[in-house]
Amino acid sequence: MADLAHSTPRSQSNLGRIALRWLLYILLAVFALYYLMPLFVMVTTSLKSLDEIRTGSLVALPREVTFDAWKTAWSGACTGIQCEGLQPYFWNSVLLAVPAVMISTLIGALNGYVIAQWRFKGANLIFSLMLFGCFIPFQVVLLPMARLLGMMGLAGTIPGLIFVHVIYGIGFTTLFFRNYYVTIPSELVKAAKVDGANFFRIFWSIFLPLSLPIIVVTVIWQFTQIWNDFLFGVSFSQAGTQPVTVALNNIVNSTTGVKEYNVDMAAAIIAALPTLLVYVVAGKYFIRGLTAGSVKG
Amino acid sequence: MKRSAFAAVSTIALISASAVVAEPQAEVLHWWTSGGEAKSVAVLQQEFADNGGTWTDMPVAGGGGDAAMTALRARVLSGNAPTAVQLKGPAIQEWYEEGVLADISSVAEAEGWADVLPASIAGHMKCDGSWCAAPVNVHRVDWIWANADVLESNGIAMPTTWDEFNAAAEKLAAAGVIPLAHGGQAWQDATVFEAVALGILGAEGFHKAFVELDEATLTSDAMVAVFDQMRTMRGFVDANFSGRDWNLATAMVMNGEAAFQIMGDWAKGEFMAAGKVPGEDFLCASTPGDGFLYNVDSFAMFEVDGEDKKAGQELLAELIVGPSFQEVFNLNKGSIPARTDVSLDAFDSCALLSAADMQASSENGSLLPSYAHGMALRGAQSGAITDVVTAHFNSDMSSADAVAQLAQAVANSY
Amino acid sequence: MSEWLENHLPKMVLAPSFIAVLVFVYGFIGWTAWVSLTRSKLLPRYEIHGFIQYDRLFASPRWDTAMNNLFIFGALFIVIAMVLGLLLAIMLDQKIRTEGVIRTIYLYPMALSMIVTGTAWKWILNPGLGIEATVRGWGFENFSFDWVVNPDFAIYTIVLAAVWQSSGFVMALFLAGLRSVDGEIIKAAQVDGIPTWRIYTAIIIPSMAPIFLSAFIVLAHLAIKSFDLVIALTGGGPGYATDLPATYMYAMAFSRGDIGQAASSAMIMMLVVFAIVVPYLYSELRAKTDG
Amino acid sequence: MAPILDIKSLYKNYGTTEILKDINVAIEPGDFLVLVGPSGCGKSTLLNCIAGLEPISGGSLHIGGKDMTHVSPKDRDIAMVFQSYALYPTMSVAKNITFGMKVRGIDQATQDRKLAEVASQLQIEQLLNRRPGQLSGGQRQRVAMGRALVRDPKLFLFDEPLSNLDAKLRVEMRSEIKKLHQTLGASMVYVTHDQIEAMTLATKIVVMKGGVIQQIGSPSEIYNRPANLFVADFMGSPAMNLIPAKIRQNGGDAQIEITRSTGAPIVFHDPKAKGLPEDVILGLRPEDIAESGFRAGEGVQEAECQVEMVEPAGADTYVVSELGGKQVTARMHAETSAVPGQSLSFAFDLSKVSYFSTGSGERLN
């Protein structure tokens, strides 16, 4: 596939090829600018002082770089009467996202394994019912979910939030794993059965070790969804269990107070750091994982 | 298995928290999160703590309380309502009708709230005759703010009629100054609209239209005139107003980029934060016309279990309406106290003006609830009106069409 | 006994998820359907009042705008994100030296929520602060980019930001697709002397049909659920020119205390989802049972 | 001695479709049973049923004298080699081979010993630390065999194990499997669609079509006395000539008349044809038709035939002629004088002839 670029046949002159190559790079750069623009605005603003923001252009390089806003955002900004910055909420989000991602990934893997490799009557119907669940607008579920969480005694707790994220993550995680596992020949399961391995042993010893690429895709997807979630976070948390997006919203979206844009922006970047990091570090594996089968139909 | 484990953990947490007998507890849901606001709430928390209470803060900002209301609904449905919630206007009665509010009449009667609160404001705090909410402050909504230097250099005085305002605006526009700093968000459009409506319809007309939803008034020629004035105002706004936050509009006035802004008295906080002095750097006046549109923040107490929480509610209600808190809080927030017997010595000139106007309006019956800030109508109706107002302001809809749509939208909102 | 367990273990493993989906998706849809027939206000009530909420919904000009916007926004967003994603993927597939960096730059918006980027976008799009002002500052006095303040164009800024957020992901999907195309077919085509662009249009792109479908589904799902995007960028304005069904529903349910109305709009949204997803599921399952 | 594998009236349905119908097969210890048939005939399904990988819908199945009808694969004392080898991709070769033992909790020393044995037997010692992905097709095949061998099962099952190899390797592995069978004396069931593989390996062949057994027998029985037209046509390459013929009963003798488009019909005599219906299909393998003078014996009868095509194939030359409206192939020696278009005298060995019913296709003699 990648040979395509270099072995273009004689129809093009050398000069034309170089020009084309330049054009390609210029285009890529232009798009890179488009994608970077908001981040640029956020970073520059977070490094300015409030005075400079009030007086200067919002979209310009800082005249004087200061990291005060970052310090404030992390440990000093007020989200209500508590002025501890994002810090405590950040850890709430970690406590919430890590188990939720792990549980929903594991459930998705098991579900995908069953649907792809242990087909039984009705499995496809169940799968499509689950898939449809991915498309339900989350606003719809807020109120009945609140009621159920209350009945289960999970209202306002982090386990409650984990529960909600796991439930609404099942559709996508199952989809990912199922599409990955259908590309694995079913003879593998048969061989393992003859070898004496049972359902879970086959999953654990044979399928799970094979699943790294799709686990990466699923984890990235789920982590992004859960970390960035605001709606569930604001609805199903109470004081002390609010995730970082709610705190960020409290900092950024005050309606009738003085706005500190530099702190807002620094807070926004801090709140986004984990997901950014995941994409930067695991981005390569993301493409690989997609290539490894999850994109098929 | 897992669930019961969770339940056990939270039960233990509850038990350990309530081990000390009836120490006042309060989890307070509010959307005061920015610096000045948060400082104001911190005052309350301090007083609460000084009286032996434990305050748990549950701030949810965004959308003028929308996000907080989302959280509230989920909390109430899950049977886990916060102890106290920032609620205002008819929403208090709406929640009361759902049967989830607690009665705080005992506190109110012991503290004699009826004697110190203006009758119209007290009315908002009562549900079926009993007290169900405690007022914190009075924001005046129908303010017009101006940059003193800009007015002076253009030889303009604060307008007292809309015609004067229009004339001044045209003059300013000719001089290259943006006459009206405005942020094109639905609630800001509605804020300007109600100020205009109050000026043109008068106090009685305003009450008829936006409290009683009287169809004749809503479709009257005067209402057409209100929309006409809105169309005129649209011409005084710069091209980039859409989606602008209100405080950026305030900054335009501060910088002299623009001359006027019509906004509630929280805008004063922005001026103050930038070190501007009222009367010197910036001017405040009520918008043209008689009357006073108030936006009263208040706390409603929800039905909760546990002696400690009930004790917390009573303590909180007592403190909120207490004179010391009313003074300190409003100094921070830019509003004026809800109770009328608080000393105003420490307040700035704008606040004094506001307090005096409130007194006068209260006496002549022109003390009116702000529709744009959810004081006059229930959410569905005020929302329906705002839809039309903002649609008209942001398009070339004719005033006659707007009036027709207004009546229809109101009818369709029940 | 152990044999019974062995035979039914797969079903038992799937059962909790299935039950969860039944309750938390279909049960809740049923609940919403019920509530949409009531006069629920602040909190749900359960006495049926017929189709009054639907009558109100269809009488509301704001809902009209929201549905129109959904179709404009949905169509543009899906088409542009797909085309751009494909284009970027093809460009990145030309042995670009800095591919890793560029790919990350294209992909990172997916990692950010709009709560994070909303303010930055607002400034960039605002004519007085952002692109228009900057370009004018460079001396192009007549440059104009004021979509966000123009009710007729504001919806396109939503498209712009939505494309910004999602096209990188689509690119990743397509890039993965390009990388898994059988190399021998391409070699065969090159031997046949077919020009590069023809190889793409005639061989590679058609072979990625399943990816188009996947991308379409992901994008359609984003389009229908788009909510924080609008809230952060325009708040539905100017006026309610950029309202979408999701924001309409949210406004009704949570700022207006009109839950019955919100439920009826949710049901209509669900019907739209249904119309898109069911054919997809049908084709998906048919293809898979054939194999 | 009890049969090592005994299948009695086995049925297999998917919903309402019958995949396997009334299968009855038994083999003795040491037998090499080959299931052969065109793709989709149900032979792989039958193998999966034997392995316990597919539940059966009816009938019973005994392995080693024990009822295994509802026993799970791991307890059937079998080992299986798959078409795609089904090696565990994330495990080394050694781990692939010992995985089954590990699952069964066999001690490490035994595992190591058995691994060493099998590895030397298959000459894969140098591959033990590699991953399946690093192996060639033939090597993977050996590892898959190793995984089966290490089990010492009562019954080996092979599912088209050679079909993914190239021609040369296939022949090599085939003889290796045969050798293995002979040295181990193990019982094996082997699925293939390649009739040569079936003939070379089997001690017993089951020919299947459409989920129904067509014939069970030794390779020579299957080859020489096919039970019906399908078996006759499927086994052997080039295939058996199947020529429509008319039988005229003539007192003690029977006349067999074969029409042809050019010239007069051929008439043979065969007492075996006595009592057969008038219309039959006559089956004769190419090697039973020779050039006159190269074949003599009791049943040999000669006839002039028009040569249409001559295909030299090294050791033999195939000569094609038209009889009864069919192309008839004769296997002649390499130096045959046959030339297309010429007439040649053919010798037909009627002692080897098979008669089939035109209606049912069943063998008549």
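Here the chain labels run A, B, C and D in written order, and each chain numbers its own residues starting at 1.
Operating definition for what follows: a contact is a pair of C-beta atoms (placed from the backbone, for glycine too) under 8 Å apart; a residue touches a chain by one contact, two chains touch by 3 or more.
These figures come from a predicted structure and were not determined experimentally.
When C-beta pairs in contact are tallied for each pair of chains, A-C comes out on top. The most distant chain from subunit C, with centres taken as the mean of CA atoms, is D.
Mean C-alpha positions place subunit A and subunit D at a centre distance of 56 Å.
A straight line joining the Cα centres of subunit B and subunit D is 90 Å long. With centres defined as mean CA coordinates, subunit B is found 37 Å away from subunit A.
Annotation for subunit A: residues touching 2 or more other chains are 142-143, 145, 198, 231, 249, 252-253.
Touching two or more other chains at once are residues 6, 44, 129, 250, 253 of subunit C. Subunit D has residues 72 in contact with two or more other chains.
On the subunit A side of its complex with subunit C, the touching residues are 1-9, 11, 24-25, 27-28, 31-32, 34-39, 41-42, 45, 57-59, 107, 110-111, 114-115, 118, 120, 123-124, 126-145, 148, 167-168, 170-171, 174, 182, 198-199, 224, 228-231, 245, 248-249, 252-253, 261, 264-265, 268-269, 271-272, 275-276, 278-280, 283-284, 286-288, 290-291, 295-297. On subunit A, the positions that touch subunit B within their shared complex are 54-55, 78-83, 142-143, 145-147, 149-157, 159-160, 231, 234-240, 242, 246, 249-260. Note for the complex: subunit B touches subunit A at residues 3, 6-7, 10-11, 27, 30-39, 41-42, 45, 55-65, 67, 70-71, 73-75, 77-80, 82, 245-248, 251, 254-255, 264, 266, 269-270, 273-274. Taken together, the subunit A residues at the contact with subunit D in this complex read 185, 187-188, 190-198, 201, 205-206, 209-210.
On the subunit D side of its complex with subunit A, the touching residues are 48, 51-53, 72-74, 78-80, 82-84, 86-91, 99-100, 103-104, 147, 157, 159.
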